[in-house]
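Listed after this line are the structures, all set down as structure tokens.
In the two assemblies presented below, chain A is common to both, partnered first by chain B and then by chain C.
The block that comes next holds the complex of A and B.
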């Protein structure tokens, strides 16, 4: 019996789409999925040389490792503070620059400029400012205060949060500005006619329309918070003061020490944690933006 | 789809952080190897080792000068070698140059003497196309404190055609010589090139702009050289430049290389192809017309010893190296110094199994060992992986090594110098060499310092075997000789306070005692055990120590503690002494103290050896050329056949007598060297006996580095600002505690 024409067309479309997807699928498999499987495998063996299966022993050992726990705490704290701050401040800046204010274009360029400054230069400037004999301490001491070792004390996380915000606010701000410009005018005008205040319009309407962008900005900020390691490493080296010791330090140093099993176990744990965070963000985004999509 | 994307995003993030390898299948399963009684036959060098090496290489040609001549330089012109040599063994006659020139064909035919001089003052020479030779001579008159430089043109029959003072042409410089047309010569000084005719008259001169490195004459009469421009972070631009000697016009060669031409040196030219090396190791060709660059091989792996290379040439597309053993002092020549051997580059064309050797450095000693083995062994070929060849940063090199190991491409051997030995040991990558040592028929325990070898064992295993060693020492002023048995802190303090005019110990007696007590109470093992057991570094001890040191007036605190691991308190104490005392620290690598410049005999310092501890101390042994076999090597017997070379008399003689790299393990060589030092140098028989007693001591401790290396680097970094007064004690101790704890926790 001859198959209906729509079946044939559907099959052909599926084949065509599979063909188009194949390169991406191959790339993702080759560069992400297969290496990840190798990492999982290494996390379950005594070492990559003998490859003796040890079950979850590497994970048990890892979760008892004080350095890993310290790095995990620091990374969580840093991302927990820096990411919400980045989202909130960039949204505030975008809203401010969305209005007709003087020097709007210059301010936009000002906030974007850190993106094009090389990391080494950023670090140099930061060292000049925050070194124990740096500009900030000189200023404090000139004003009669006592200098602080900003990079080797409890203040060090503040310094890197500031560095992270300085570097990333501009990018997030541009994303929010684009999203603000794309909000349809009709519902806003309808709300104004109904007598809604600007605050109500922002929180009840604009913010809802911005939910997908907020979600995207949050994910990107999270990713960028991990990238802050580069600057921290250049500022403080392999073994920084304990509050600056991030998971990337742990992984970098563990790799250099040829301790692949510990490194792999840490990568798997980190994968699970990030998956959980991103899953939570998706759930939140679904909840917040569902009625608008409908 | 969104969720899939999210999953992939989450997947990607840790993967960008966790470096994971690709080649998962490359590591072979370990092949159980019986230790054979007959390793590959590369044993003690025969009397005529260069002849044996040449005989083993297909196509190699030897040109032998008379016995007693020492080849210093060789140049090739129109298929004829011009060989410069020094021919006297009397040290009184030697004035630093050559005294004779030979000519010889490239087929090994007997050389002919072209020209001799009474004085060994020939600095450079340049053969011309007509068979004549230009010589540059330099003579310094010690009595009159004057120097004389001349240019001499010697005809093909050995007669002197022209002689003139260099100063009349090129001023007060020692020029490099290159042949010019019609028996003339080119003189290259720093900034000018002169063209002289056969009679020595200047017919052209041209100024050269910029720096000129390693000029080479091209077949078209132009000179190619390497030019580098320097930026703040090293070489910022580099190129090969062609110079027309007649006009001084320079033309950069086209360069299409991805790496750029930094760290490059020209080797030789073949038509329009320039052969050059990068960092003296990897060979490349450059098409001078198009700029196309081709990577060929590394010299060492192709069987060429760049340290012995006098000149090189290309024949039928193959690079040939003309080599003769390099001698530090021509009056005490190495064996075979009168023979020039032509070796063709052999880049992997044979069927011998390849043994890979990982190293973080490449030097004369390693090159000698590898090229010699590759020439003489019928069973194996060594391929060196110098992880610092293109990039000298050790961190980057370690990263590359790690990628190889995790990718399963594990080297067969490691040269452990500058390598993170403890991580290799921790991962079980190093094989125990004891069975090979015990089974080797040519190695008799009585012939070697087994005491020193045994001291390097860890849990009974011999995980590396070294070719030389030094003893950590303190060097003080004359009249103070303290052996390890009474090398206590009190003695050291006494040494400072009583006998040295410039050394004033700036603390009270009470402080001395407390400091001594603190130092004496801790052994390195105690500190590491304590730290490892608790995974929380005890900064209180450091604080106390720092307090003690802080009580001593400090104006400046600047020291370089080096990378070798040792007891932290000891190192702090060492740093203190270096800052406040007039005591030098240097490794004892000979029979008398030779740190820095050799002091005159009457001012020769004494040597204090060992660690100051309550028991009197340990002798700290630093190893050099420490080789290990990978536990995963499929050819451990082949690896042993290579490594055992370092125990041969020939190898020891070369390292000790020629390179001065430290003590060796073979008694006969050690004794011969000691006799020579007593006869010719500053050592006394008492010095020799003292050091010999150290070799027999049961207090030897081989410094393998390890955890304490990094700990001490952190300690050094944090204490420096403290001692220079930038930070207070609390800040220093808090930073120290924090960083060291992290490191130790990470490695627990």
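The block that comes next holds the complex of A and C.
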């Protein structure tokens, strides 16, 4: 007698759930899921009109395209430098602010503030600072050094990494601060009584509790690293110095040429690459997080 | 004693570092109160397209200045009264960002409740695909967006940017995490009292999610107030482009105006931030991990 009633409640919950999900599901399907299937299809045919199936030919062509390879290398290099730096520095900031420091909440606000400042607003200041005859070079030359053209040389990636860190450290730091505050006190106190030094406690205990957050911060930093294109574009336009030529530039140029096959193949390759990286991070988190959840 | 000194040093160091974070924003604001002459004397060399193109004195090197020689509201008067293009682009930003925020938060709150009341295998799979989609950069999602916009004949209209923006699943993720943390018993008790799902959603769940809702509003607004990628691909008509793209196309004659426009452009997100920083911090902290 009990089971049918339970079933009915389950069915009702299911219907409610479907109704509430419907607008989002329809929109996401229409604007993302279905057209993405079309993108996959386009990446496998010769052109949208003849629809001749060509297998992986579009991908082979793409992977021989010098501009795509250049953009891919630059983007990979940028994210490879920026993301680990963001994770390490924001963790360091969070640990520093975790202590009883005066003006703690003001400091937190200062670090978080770049998040809300539009890239387009501060781009004027960046130009004034990093220009060939800009403020940074004035300072360097005043100190007896020689200036470099920050945005048009091998240093340009470093500049963008700095801008990225400026914008994103606060957000990552808040995530770490919340995680630090949520670590249970008992194991830490026990370790202290046993005479463990703060360094040992940090690396042996705290870091383990921080593993899920570190994983999340890494993923969000990676996602946000692709948005560094905004600063690059606003600072240097459509045709930046070669080390700043990112995948988004490549896509913009391909959109202009309306080369559907190239666009689709590039979108599919990036989708697979990002999914693979995220999958790897998920797997790593699963392995590291296991010994905590007994 | 050594501990105290260490802490003092750390404080000094952190304050200096924090000042560095505030510096560009402060510079933008103080420079917006400088006269055109002062700006072009200080920074003209950066913006001069050809040598000697500016009028009047121009330094060979940039001199960064925090305090204007004389506070001038001239630039503000110019962008607010004389050059309507700035206000027009500002308005373009508003009518792109506001519908996206309103739409995305509404659709997402509904969806989050849907993901909370029933958690079958299909729902979890869908939620997971939302997460994957949320993590995809514009480089990937703009291609499907472009195809749909072209198919529906709305390329180069605002709808091409606004509609995909509304269905971007970022808010769904954050709100679902928050709603799933509300004890199930509350829902069951309300249900026994005869409340229907819509009533439970509006009277119980939404009030409980207030800080998550506010932080989603801020985060989505900031991101879209700052939009660049979508505009370059989906809205190439210069008249309809937002200030976020237009500000970078300023020419040498107008740098003074640009600082004032940049300062005005900061106002809406900064006000939202000052008003709801606590909620924002709480909302970011609630994201925690990717698990639902």
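In this section, the second predicted complex is superposed on the first by the 260 of 294 C-alpha atoms of A that agree within 3 Å, B and C clash if a C-alpha of one lies under 4 Å from a C-alpha of the other, contacts with A are read in each partner's own complex, and residues count from 1 in each chain.
Quick note on the criterion: contacts are C-beta pairs under 8 Å (C-beta built on N, C-alpha and C of every residue); 3 or more make two chains touch, one makes a residue touch a chain.
On a predicted model such as this, the values are computed, not experimentally measured, just so you know.
A.B. asks: Kindly classify A:36 by the partners it touches after superposition: chain B alone (first), chain C alone (second), both, or neither?
C.D. replies: Both partners, chain B and chain C.
A.B. asks: Does chain B (first) or chain C (second) touch A:263, or do both, or does neither?
C.D. replies: A:263 contacts both chain B and chain C.
A.B. asks: A:219 in the overlay: touching chain B, chain C, both, or neither? Say first, second, both or neither.
C.D. replies: both
A.B. asks: After superposition on the shared chain, which partner residues are touched by A:278: those of chain B (first), chain C (second), both, or neither?
C.D. replies: In the superposition, A:278 contacts both chain B and chain C.
A.B. asks: Touch test for A:118: chain B only (first), chain C only (second), both, or neither?
C.D. replies: Second partner only, chain C.
A.B. asks: Using the touch definition from the top, say if A:65 reaches chain B (first), chain C (second), both or neither.
C.D. replies: In the superposition, A:65 touches chain B alone.
A.B. asks: Go through the superposed model and pick first if A:208 touches only chain B, second if only chain C, both, or neither.
C.D. replies: A:208 contacts neither chain B nor chain C.
A.B. asks: Thinking of the overlay built on chain A, is A:178 touched by chain B (first), by chain C (second), by both, or by neither?
C.D. replies: A:178 contacts chain C only, not chain B.
A.B. asks: With both structures fitted on chain A, tell me whether chain B or chain C touches more of chain A's residues.
C.D. replies: Answer, by number of touched residues of chain A: C.
A.B. asks: Output check: A:28 vs chain B and chain C. Expected answer is one of first, second, both, neither. What do you get?
C.D. replies: Once the two structures are laid over each other on A, A:28 reaches both partners.
A.B. asks: Considering each complex separately, which residues of chain A are in contact with chain B in the first and with chain C in the second?
C.D. replies: 28, 32-33, 35-36, 38-39, 133, 219, 223, 226, 247-248, 251, 255, 263-264, 266-267, 270-271, 274-275, 278, 282
A.B. asks: Which stretch or stretches of chain A touch chain B in the complex?
C.D. replies: For chain A paired with chain B, touching residues are 28, 32-33, 35-36, 38-39, 42, 47-50, 65-68, 70, 132-133, 149, 152-153, 219, 223, 226, 239-242, 245, 247-248, 250-251, 253-260, 263-264, 266-268, 270-271, 274-275, 277-279, 282.
A.B. asks: Quick check on the complex: what are the chain B residues that touch chain A?
C.D. replies: Touch residues, chain B against chain A: 2-3, 6-22, 24, 27, 395, 398-399, 402, 405-406, 408, 410, 420, 423-424, 426-429, 535-536, 631-632, 710, 714, 721, 726-727, 731, 734-735, 738-743, 745-748.
A.B. asks: In their complex, what parts of chain C are in touch with chain A?
C.D. replies: 7, 10-11, 14-15, 18-19, 21-22, 24-25, 27-28, 31, 43, 45-47, 60-64, 107-108, 110-111, 113-115, 117-118, 120, 123, 126, 129-130, 132-148, 151, 163-164, 166-167, 169, 172, 197, 201, 218, 222, 225-226, 228-229, 232-233, 243-248, 250, 255, 258-259, 262-263, 265-266, 269-270, 272-273, 277, 280-281, 284-291
A.B. asks: Quick check: in the complex, which residue numbers of chain A touch chain C?
C.D. replies: Against chain C, the touching part of chain A is residues 10, 13-14, 16-25, 27-28, 30-36, 38-39, 93, 96-97, 99-103, 107-129, 131, 133-135, 137-138, 141, 166, 169-171, 174-175, 177-179, 212-213, 215-216, 219-220, 222-223, 226-227, 229-230, 233-235, 237, 247-248, 251-252, 255, 263-264, 266-267, 270-271, 274-275, 278, 282.
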